[in-house]
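For reference, the structures are reproduced in the following blocks.
Each of the two complexes below includes subunit A, the first together with subunit B, the second together with subunit C.
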Partner chain A sequence: MARKSKHSRPDEAFEPYEEHAGVPMPVNWVAIALTIWGTAMLYDTGESVQESLQDRAEDSDVVAQSVPDEGTLLFGANCATCHQPDGRGLRDAVPPLAGSEIVAAGPDIVSRILLRGIDGPLTVVGQDFDGHMPSFDSALNDAEIAELASYVTTRWADTTEATAQTSEEVASLRAEIGDRGSFGGGAELAMMISSLPDQPPMPARSHVQAGDQAARDLVFAGRDQVWSCASCHGDLGQGDESTPRLAGLPGAYIVKQLQNFREGTRENESMQLVVQGLSDPEMTALGAYYTDLRVPSTARPVLSGDLKRGEQLALQGDWSIGVPACFTCHGPSGFGVAPNFPGLSAQHAPYLAAQLANWVGGQRHNDALGLMAQISEALSTQDRRAVADYLASLPPVPAGGASMARMETQDDQ
Partner chain B sequence: MPLTLGLLLSLSFVVSLAALAFLIWAISNRQITVDQGDAETIFRDGEQGHIDNQGTEHGDAKMRYHFDPVRAGIDAVSARPVIVLLGTATVWLVLGSIFGVMASLKLHWPDWLNQSAPLTFGRMRTLHLNLVIYGWLSLSGLATVMWITPRIFHVPLKSPRLVLVGAVLWNIAVALGGLAIASGWTDGEEWLEIPWQIDMLLAVAGACFIAPLVRTTRARDVHHIYVSGWYFLAAILWFPVLFVVANIPGLHSGVEEATVNWWFAHNVLGLWLTPLGVGTAYYLIPKIIGRPIYSYAVSLLGFWGLALFYSQVGIHHLIGGPVPTWVVTLSVVHSVMMFLPVIAVAINQHVTVAQNLWALKESVPLRFISFGALMYTMASFQGSIEALRSVNSITHFTHYTVAHAHLGAYAFVSLVMFGSAYYILPRATGRAFPWPGLLKLHFWLVVIGFGIYFFSLTIGGVLQGLSMLDATRPFSESVELMKPYLEARSVGGTLMTFGHLVFALNLLGLAFYASTRAQNTVAAE
Partner chain C sequence: MTNEPDDRPNVGTKDATSGGLARKAIFAAGGGLALVALATAAVQLEIVPRWLIGAGSEIDESAAAIEPSDLFTPPLPDMIPDGPFGEAVRRGEAIFTNTATNASDHVGNGLSCSNCHLDAGRHPKSAPMWAAWVTYPKYRSKNDQINTMEDRVRGCFTYSMNAQYSPTGKPPPVGDDIYRDLQSYFFWMATNAPTNVALEGIGFGKVEKPEMGYDLARGADVYQAKCSVCHGDDGQGQRDLNGDYTFPPLWGSDSFNWGAGMGRINTAAAFIKNNMPLSQPGSLTDQEAWDVAAFVDSHERPKDPRQSGTIEENRLANHDGDETLYGQVVNGAVLGQGTGPSAARAATMPKTQGN
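For the complex of A and B:
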């Protein structure tokens, strides 16, 4: 066939060579254009790297200068939702700081309380309270605790003694405290502060071994296709990444979620499989088990969200996009309002952001009145990350708060 | 601005630019040209006695560029090493593509053949990758280099026995590497899985290939080095550096290790397989068509563009990773600068083919090679665009990248190597392929198979990327939506593998069924 071709067949001995045409002009233009683009791109990156370096330098300047208002800012962000901006607390619910005998004992005690939290009855300025102060151990660093302790004592302690606390002192306190857990109410505080008035006795803690044996078996051993809860949610219900923290959530809320998984109004392959093997009494037992657990926060802001924006959404909401403050329903500091509004504080950021996305995507539609779907729809991806990160940075649901929730639930039933 | 590594690397961009500007200036001022004297040299070195074989209107030009490698006893020396290299390469190709198909099937039949560890996806895919890179592509590329280099330098291959020793060692090393990977013993980095202990054997084998080529080059009998020679010589000097630096154990760790990993992995494609493929196309396209390529100046631009810009390209695999922004940006810029050498190669190779389309009909090897050359242009353009952050954030971590890798390593390099094997083997053995129809069948099987493979993964990959970026859709959705595309990929991959079996059959036919009739008339087949 080749022989019939009208073209001359190449000779086997032909040797390839190059002709001498110059480089076509368009190629030079492309070269010039690419060069300009490349240089601009590198210059641009250089600029933004410089800018971010400057930003970082300015940020650290702010910290170093320790603006006088720093304590006010910290107090507003961490304490004022419960203790109120004027430090007077809430009658029957939150003890006052103003005039408090405990605050009068000095910044050292305040730092200790911030680090450990209080879990038990106490008497302040003649009033009895059921103490549910969370531990800020995981939420604030040494400098912030020192700043807060100084601020609180300077403002409310009626004392002439030194009220300043340094971050070195806090660091050594932190080391000394270790994982001793919350103060056992006013009784334990009285052992450290001789000037305290009489404190109510600490009731015996029964919930440490709480939860009936069946629930414990489910949590730690599992059964057939109900694999153990702890295998994903952790041995203390602390959760991780996109597996939620269960410790301290309202029991009724946990039961409702398990039922929703069964009904299919909330989708998750693992949980939908697990709930098929769970009976209603078992769900109730599990809810009761987890609501009693306390564990320090293991959540961290890991989504590079804008914490300022997150704080704004949580505390004030953003009415320009029709989003109310999270804390309006989920309680002050996001501690939750039993039985329907789960605690959000110290929840893992990836989990929270994923849930907000799930409301939008329709994998979760078990909210009353479509409340959460509406809110999530209004939030941008960045907003979802911001608020999830902010909530993850908060201290966990205070000890005891959850058991109250459980009692209320039982009353309902 | 503080003196950082980023600054130093950016300096490399500036230096590359300056070099490029100088090159373009030099070309436009005719500082670099093959003058008439060079041409005369080639003419005198050529076998003048064969001018009378010419009988066409192109006679003048052709007479000057005329050299009979058979007469000069060149092909006879290279034949044995080349046949051994190509034969063993084909074994690895068949094995490697079977593993590839199995890995592909496992993506949509996850429970198939999962009883024993060597049959699991992780090892199958790794075996596929390493066998086709180190077994098929490297060996077939080296075979082509061993064949063409002596021809363009007008001297017989030096130390052909050493090449045979190298071939034996290399094959042993690839086999051992495959066994190590199957048994779960690897270095744990993509493209560098073969344990470094076995890599040492590969390095020794590599030296057995490089030494004869360097000796051949030093003994060359031509003044002007043809463009294929630049690519080949650069490749055999670049690759050992890449291979040794990336494989030395304990030299790099952490992020640095990841950076070196991708620097290596991408450069295997760009500074090893690409020059082999481009160099082969540069020789065989004009050789088969019988016309020169368009421009020496453009070849210079293409070669030096690759040399100056390619080495920084790989880090765009780490966009979004914990690597300094500078390093990644530099890599993105270098990736996009690759447009330039690619345009240059495209002008030189495609123009020559486009002006002689008749030859595609007559020559199956040319069909493979110019299809491959076209795919080089496509893969490089796609790669430059893929390196941009905005595109990369969608396509990275999806099957899109897999499609792109196959466009470069398969549709470009492998197809060029098929063509080169079909061109070289009849001349090396002095036999003709017994079943010419099967060559065409091979071509259409791999081209159609690849088309299905590429388009399904490209489309699926984009959909997968968009789905993964959407936080409101569960991750499982991005997996489920890929299923039909993965099935199509298996269909395409299976067609390609059938093509490879036909290729192996053709080679067997040549060895056992072919008549030893004169082959010198078959420039085409």
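For the complex of A and C:
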């Protein structure tokens, strides 16, 4: 009894102790299983780390071996879509650089053409061309123009004279040229290059007063709830950030977008409010106004996208994700094919990336056949930034594009 | 031990440990190994949920990567080697993608090879050249002889590129460098491909003729809804501001002639079903593909260069059957009379033909 009571009520000096119960056997099993697994994993990943290190070393070797020089890269990104990688141009459309009498005149002329662009007929190596080349003045800096001019003359001019151009020379050319606009075809070039063969005469350039007065009033003053276009899109329709550049877009494309805002197939709070007050004839007038504007690019690649990847998507596409090249439909260099495929070059990168997101997000569903929705879906966020940045780095649509499209419609009628 | 509840458990006694510890160790090791074996088996048999073994998206990616690897993959353009062979490959690629410029003397329309052989001849089911290369030489009933790849490409120039309206009026002569360069490009693209094998993705695929046959009115509706946005209401494609075709013409003087494979409804239907609209392959039904193919091939185009007598004679010789509309009356006119050359082509054609 004494024992019992002692047991049920321990004395004050009692210290708790643990009875020996051993570690349960399953815990041992798990511990040993985990040890084996851990060792196996260490061994396994150790091997693959080795392998990937080796791969990476090999990859960087390949890159290091085949990294082309600056001129080749610039030519590929800016010139090759029209003049082709081999510089042979496109029959009936784009003059060749190889064998060209103009390139043979030297880097100074090439730089001038890069800075001013060409708008007028010309004859190169016995072939006639319409001649619409953009001005790279706003897209490339002095060093890049100099690099390209040197590259083109070194590669294709059959000349013993110096083919190198310095950025200082380009800078002084830029100052000299000012805002003289594009070359008036081969006729104006022949005035600078005495050795040029006969050039076609330059048709009289009709000096178009951009848009009618009503359209100009809307653009610059607005009316009631229709605030002026220029208040967001800029005085020259150059746009900014996520407000699109309108200058040079096909008129019919602009009209369709305005109608789509009204119908709700394209969503944007500001634009949906503005279009409430616009009549159909006013939309047409605004389209005509903006398509005639030729304005330097103010777009820059600001999204830190991978420009190389962007160039690949624009020029070749990525068929492994079902994305054809942008330029397959939007025309070489993204100058657009009216009216369903707007120009993309010199458009603002944040706007472009936002639109790609909008196709996926459902704020935009006004695309023909759902083409853009599907393509945007296939592009990762990085891809969208990459391609937007590349397109923003391109020169704006060449002068004369819209007027030529107009001439064609007149021919049709 | 239970007889001595007062004392602390007597753990230290010899007999309790020596045998017991060894036995425990053996049991533990055995059990551990058994667990490892069970777990391995479970993972192998894929009865463990994926999230548990930390294999979510990675596994998915590799699974996605496995599927297309059934298809042959040609080397990438930046893997073209240096040296004389690599230069030939590059020239071949340039001819393939810019045919009117780089084989200018033999191209009589506004097309390039890569208009139908998409992605510069790399895309499966748009007659990829890596698949074609390994099937030649072969017998073709079209000309009833064994064809080398050069013979085959000469046929492309004759019909699809409409050489009759080109500056020379003829395809490149036998042994021309154009063939050498193009074949170098094809050969290089077929690097590591097995030979004399019909690789998956060869040709344009096949689309069986639907029970309802084909109908030009239905085809016109499909064309308007799905094709005209790019190829134009009039089928003449669309040009950029410099005049280059961004979208190729499907009929008329700047398109392929009546002898081309694409002028056959079954061939065009397969190409369309598997490739068009661009970026949306497979989106048309078989019926729509056949209807719209028939609609496209019901328009006039440059004449068949094989025609020496009447259209009817040429129809019997080369176009017999239900899969072409050549020689048949559509909208009140017999098809096959041919369009003349476009103004641009007429300007560069030889003044007298047949020399």
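By definition in this document, the second predicted complex is superposed on the first by the 324 of 413 C-alpha atoms of A that agree within 3 Å, B and C clash if a C-alpha of one lies under 4 Å from a C-alpha of the other, contacts with A are read in each partner's own complex, and residues count from 1 in each chain.
Definition applied: a residue touches a chain if its C-beta (ideal position, glycine included) is under 8 Å from a C-beta of that chain, and two chains touch if they have at least 3 such contacts.
Everything quoted here is computed from the prediction, not taken from an experiment.
Of the two partner chains, subunit C is the only one that A:Pro332 touches; subunit B does not reach it. Greater residue coverage of subunit A by touch, when subunit B is weighed against subunit C, goes to C. When both complexes are overlaid on chain A, the residue A:Val49 reaches subunit B alone and has no touch with subunit C. Contact with subunit C, but none with subunit B, is seen for A:Phe129 once the two complexes are overlaid on the shared chain.
After overlaying the two complexes on the shared chain, residue contacts for A:Asp198 are found with neither subunit B nor subunit C. By the touch criterion defined above, A:Ala354 lies against subunit B but remains apart from subunit C after alignment on the C-alpha atoms of chain A. Contacts of A:Gly22 after superposition: both subunit B and subunit C are touched. Subunit A residues 7, 17, 19-20, 22, 28, 30-31, 35, 37 lie at the interface with subunit B in one structure and with subunit C in the other. The residues of subunit B lying in touch with subunit A in their complex are 1, 6, 10, 13, 17, 20-21, 24, 27-28, 33-34, 42, 46-47, 50, 53-56, 58, 62, 65-71, 152, 226-228, 282-283, 285-299, 301, 325-326, 329-330, 332-334, 336-337, 339-340, 343-344, 347-348, 356, 358-359, 362, 470-474, 476, 520, 523-524.
Residues of subunit A that touch subunit C in their complex: 3, 7, 17, 19-20, 22, 25-26, 28-33, 35-37, 66, 82, 84-86, 88-94, 96, 129-132, 316-317, 319-320, 322-324, 328-329, 331-332, 335, 337, 340-341, 368-371, 374-375, 397-398, 400-401, 404-405.
Only residues 5-6, 8-9, 11, 24, 27-29, 31-36, 39, 68, 77-78, 90-91, 94, 98, 100-102, 104, 107, 118-119, 122-123, 226, 229-230, 238-244, 246-247, 277-281, 344 of subunit C touch subunit A when the two sit together in their complex. Listing the residues of subunit A that touch subunit B in their complex gives 1-2, 5, 7-24, 27-28, 30-31, 34-35, 37-39, 41-42, 45-46, 48-50, 267, 269, 353-354, 357-358, 360-361, 363, 381, 384.
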